[in-house]
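What follows is a group of structures, each given as structure tokens.
Okay, so chain A shows up in both of these, paired with chain B first and chain C after.
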Partner chain A sequence: MRRREFALLMGPSLLVMLGLLVVPLVRTIQWSFQKVEYGSPGDFIGLSNYSQALSDPRLGRAVLFTLLLTVIVTATILVLGYLIATGMNGLGKLRPYILGAMLVAYVLPNIVGAVSFSWLFDQNFGGAVNYVIQALTGQNILWFTETWPNRIMVMAHTVWHLLPFSMLMILAGLQGVPKELREAAIIDGASGRKTHFYVIIPTIRGILGFVCLITIMDVLRTFDNLIPLSPQADAIGNESIMLYVFDTAFRDGSAQLGLGSAINVLAILLILVCLFPFIRGLLKEAKAKA
Partner chain B sequence: MRFHKHLRTGAAALAVVASLAGVTACGAGSRSGAQDATAVACDYTMPTADTTVNVLAYNSSAIDPFTNTMVKSCTREKVTLKHDPIDFGGQVTKTTATLAGGSGSYDILETYGFVVPGFAAKGNIEPLDDYVAKYADKYKLNALSKQMRSSMSYDGKLYGLPMQAQMYVLAYRKDVFDSLGLKPPTTFAEMIDAAKAIQAKGEIKYPIALPLNATADITTNYQAAMNSNGKDFLDSSGKPQFASDESRKALEGMKSLLPYMDPQVTTFDQPKVQQQMFNGTAAMAIMFSGRMNDLTLPANTKLADKFAFAAPPAVEGSAPYLYSRLSVDGWSIPKNTKLDKDLLFQMMAASVSEDASKASVPAAYPAREGMVSDDSSKYAAAANATIGKSMPTPGSPSAAPVTNAIRPIVVQVITGQLDIEAGMQQMQSIAEKTIAGS
Partner chain C sequence: MIADTIKAPAGSVIKPAPRARRRSAASRISAVLLILTAVVMLAPFIWTALSVTKPTDVAFANPPILTGYTPTLKAFQDLWETTYFAQYLINTLVVAVLSTIVALVLGIPAAYALSRFPGYVSAILLLLALVFRSLPRFSVVLPMYEISKSLGIYDTTFALAAALVAINQPFSIWLLRNFFAEIPKELDEAAMIDGCTRWGTLRRVMIPLMRPGIFTAGIFVFLFAFQEYLTALVLTDTSSKTVPVFITTQLGQTLPMLQQAGAAAMLLTLPVIAISFVAQKYLVAGLSDGSVKG
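After this line comes the complex of A and B, so read on.
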């Protein structure tokens, strides 16, 4: 009976996962060894797609930019998320309202948020940030065509979009820290800073690991926000791996599905490598708790 | 417990915001076939079974009148036409996907002269000559421009029923030009002289606006500059022309305008160029004619009555053509549609009928001759002056893949990351490889 219930409950999810995850993954791996266009069965060409992808300097630039974005955004989100969650934890009745307002950035479709965000830096559409910077420094920053200003803008948008979710998770973790632990730390004479570093953070390290995992996964898949934020991403070295895949496989009627699939497989391997320490840590923790 | 309470409140706020966002998104694009679309006769033989006709056409003020007319006029009894809003990039991707394989998702496709040869050479779209012959009288199809029909043809056969064309038009601030005693420029050199005079006046820092976004925009402009000098990316035999003198002059001409344009011009698409004109931060812009109507609407800008229009300049005084591209849009029938192609053709023909074409002016420049006189709109005379002086370009199945392949190099040349000579050689080599591999 329990087996039947299990099968009934899990069956639909497994079917969806099979259809939407396993089949596309298998097809992607298969296509990565083929020259394939839409609607055609594809011809086996061995490792040609991989050698073409790996010899393209554009892939190297895309990997470097994506990793840089991931490291900086994840670190910023962890620090800011922890600080804001700590402040939020001390709030009273205002907390749900501020929480709700902050989550707007997260629930907005990424492309919509990115377009609005880009207008802050675009003089054609107001460019509020430009206006302030020009008033203060007299400088006109080329946010869309200079590499580093553009990177800063993309990073700022990614943090703005992902921070609310991370902050919410950390806040949940902070709510779960036993009061007795904090009181014991105070009685033992620990300063506020030491309480955070030696009591609270170790207690919620599981949550922090989870936030890292989710953030890394999200940032490694950066794609649609670059379309309004970095219109000439490739030319200034700010193209993400996923944008490169889209450009190769789909954009402007391109039909290099084999090459696009090979880049995708390489991207999946990279994501697994980046996530390995976190997945291992989470599994260890789960085992210990069991 | 407290956290759960707060979480519930937060989640409720989230749900409200998400619902609002959803409602807004739903309102942002609805199935077209607008109520105010022109109704025309669409007299096909009613099929015996319920039939849904899926139409793929990007939304723009120039295309919408034809799409909406088709959907409104041909939907009746057992036949329903469906058209979902989509942008140009989305259309390009979906067209490639739907034409592949034995069955597709769409039955009528919006196509344009640039891609027709590629689809036709692969046998993806249906030749229309027999249908044109059959229905020439009923829908007065002989009045469709020969030049535009030729743009939608490949290997002597018509593959797209032309609906409308776009060509480059120069929009300029008449008040600024008049105050400085300037005339609309007829060459790039005159354009630079005008820009210098406007800059010297001190009100407009970057007088020239061109859509040089690092997408299809930048290659279209490069092609327009080459066309002005009488060459296209590929010659009539399909050989790349990137290492030619005309290519060099085109790149030099484009670069010569850069000091008078916004330094971020390689991120500006046509809507952004329109915005520059709306805001008064540019005094002259060259865009496709389909974008010009927006400049004349007071709802868009306080400067609407200050814009005037002219044919675009030539790159050089001795150039045989203007700095322009003639882009013809039309309707095609995918080979893999399961529906009756005769029925589909009549729907397409109805949408380009005399009444439908008349109603599309001034937003569009219809393929039907005699629809646009010089006083049809503020920019009609400029469009009429341009169309005869735009280079007729040879259609090649390799044009689209070659154009996609050379784009990063064009961007590097225009942004100064690569010098012109090296860029020309690289583009020539890339184009040859692309043609060999396709």
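After this line comes the complex of A and C, so read on.
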């Protein structure tokens, strides 16, 4: 392919990304060094947005909560996703129906699923889960106002929303495992458990890594579902980083754009650190191909 | 490989297990467990569907009332008559359709160009796509808010669609590139020897071959736009509000309004259930062919 052809084919898309992704990103970085309000040019104030952000205990809490959520949700999704995909792989005619039913949770807007989810747990709205727990144990759990019950509910919702996608990926991976490989393991006398640990999982580790990466990225960005699921997120220590940015930089009455931008930049750095192992792997691959 | 891609790109990924297989007790148990899992996954919708078809005075009663009431569609009627739901629904669809079309028109040539370049270009592209996908949305959306205000296009479906095209562009290009990469380069060369220009090759040879891949990418981009909450929350106000934003503004208000939010959620859920049943094989194909092998 000639250079000119490449430029013509690639150009429009590149221009759009440059104008609508790179330019805004540069603006955010600029703002993070400024005292600025919407619609007016800012004043350069050096690193004071950063020092203000880093000295706010709220940021620390948001980071800890987001990381905790990420670790637990990712681990749960990998284990459950693998188990369900394995079961699914052995399923016959029922499979398309069960797959379709499970996918609903993934294709629906996150916020809509979260609203539906919150009703199951909300005592004020006659939540079914509350009712069952109360009937069984006599306890009344405050899902929305106590830290840990709320965390568990948010984690359950996040798993619920992201699991179908991971399960599908793993299922697609399992179907790529050659039959001969499984048969060879059985002939060699491997138990079911050993076949999984020593044959199947190593074969699909690429996909498992990819699922892990996608899940980490999605959970680090948690925002939508906290709006209905954790209305008092800040007060009970269940605020995500994105919710904190939103509260600082956009919500009515507090438009600290500079501070919010600084938190954004810090969040980008955190995300890059979390993704570093994957990025290094990809760069190595790129070098090998070059 | 290529024959598979052309003839049976989608359904081929998930084949039902052979029917002749003996049904052991273990596989029965696993089938029952899976059905239970599917029911648990659907539970929030079943519950919402029940809540919005009850009369308002029993809809949110505690303990929940499950029998002895007359089901009603009043919440849907109110939703239609007392709110601008129809407008929000149109906005959501316009944004999703518009951004899907533009994303594909921009993305297909770009993905084709990239697929005909050496391997390391695609690895770097994959890396950039991942990094941009993982960026905190606010870091691009807040500046977009300011830019759209200064250009006078704030709160228009156009601005929202443009933002979503850009945000989803890295992912679309990357997915499409992986589909193009499965088509051998010899085909381009043959077409060009026969007198096609590069553009003609793309239009007459590649795009027809790529139809399933384009369909998969289209479904993904459509779903992303349709689901988007954060971007719509920041870039719209009243006239181009989308359904997800509308639903959250109904929360914490009166019980009838809450029920209307539930009704809106159900109206959004039903077509999506249809999508997830019809599109599942394309989604799987997109995920396995597109994202993993690349």
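Here, the second predicted complex is superposed on the first by the 269 of 290 C-alpha atoms of A that agree within 3 Å, B and C clash if a C-alpha of one lies under 4 Å from a C-alpha of the other, contacts with A are read in each partner's own complex, and residues count from 1 in each chain.
Here is the rule we use: a residue touches a chain if its C-beta (ideal position, glycine included) is under 8 Å from a C-beta of that chain, and two chains touch if they have at least 3 such contacts.
Fair warning: this is a prediction, and the values are worked out from it, not measured in the lab.
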| item | value |
| --- | --- |
| First, second, both or neither for A:T145, with chain B first and chain C second | first |
| Touched partner set for A:M10, first chain B, second chain C, both or neither | second |
| Touched partner set for A:Q232, first chain B, second chain C, both or neither | first |
| Of chain C and chain B, partner touching more chain A residues | C |
| Partner chain(s) touched by A:S116 [first = chain B, second = chain C, both, neither] | second |
| Partner chain(s) touched by A:G100 [first = chain B, second = chain C, both, neither] | both |
| Contacts of A:L67 with chain B and chain C, given as first, second, both or neither | neither |
| Chain B versus chain C as contact partner of A:I268, first or second or both or neither | second |
| Partner chain(s) touched by A:R251 [first = chain B, second = chain C, both, neither] | first |
| Touching both chain C and chain B, counted on chain A across the two superposed complexes | 38-39, 95-97, 99-101, 103-104, 107-109, 112, 123-125, 168, 171-172, 175, 231, 250 |
| Residues of chain C that touch chain A when the two form their complex | 13-17, 19, 21, 27, 30-31, 33-35, 37-39, 41-45, 47-48, 51, 59-65, 106-107, 109-110, 112-114, 116-120, 123-124, 126-127, 130-147, 149-150, 162-163, 165-167, 169-170, 173, 198, 202, 223, 226-230, 234, 243-244, 247-248, 251-252, 258, 261-262, 265, 268-269, 272-273, 275-277, 280, 283-284, 287-288, 291-292 |
| Contacting residues of chain A [partner chain C, same complex] | 1-2, 5-6, 8-10, 12-14, 16-17, 19-21, 23-25, 27-28, 31, 38-39, 84, 87-113, 115-117, 119-120, 123-128, 130-131, 160, 163-165, 168-169, 171-173, 175-176, 206-207, 210, 213, 217, 220-221, 223-224, 227-228, 231, 241-242, 245-246, 249-250, 257, 260-261, 264-265, 267-268, 271-272, 275, 278-279, 282-283, 285-287, 289-290 |
| Chain B residues touching chain A - in the complex, by the definition given at the top | 2-3, 6-7, 9-10, 12-14, 16-18, 21, 25, 89, 92-93, 95-97, 99-102, 115, 213-216, 263-264, 266-267, 269, 272, 275-276, 279, 281, 400-401, 404, 408, 411-412, 415, 417 |
| Chain A to chain B touching residues, read off their complex | 37-40, 95-97, 99-101, 103-104, 107-109, 112, 123-125, 142-145, 168, 171-172, 175, 231-232, 234-235, 250-255 |
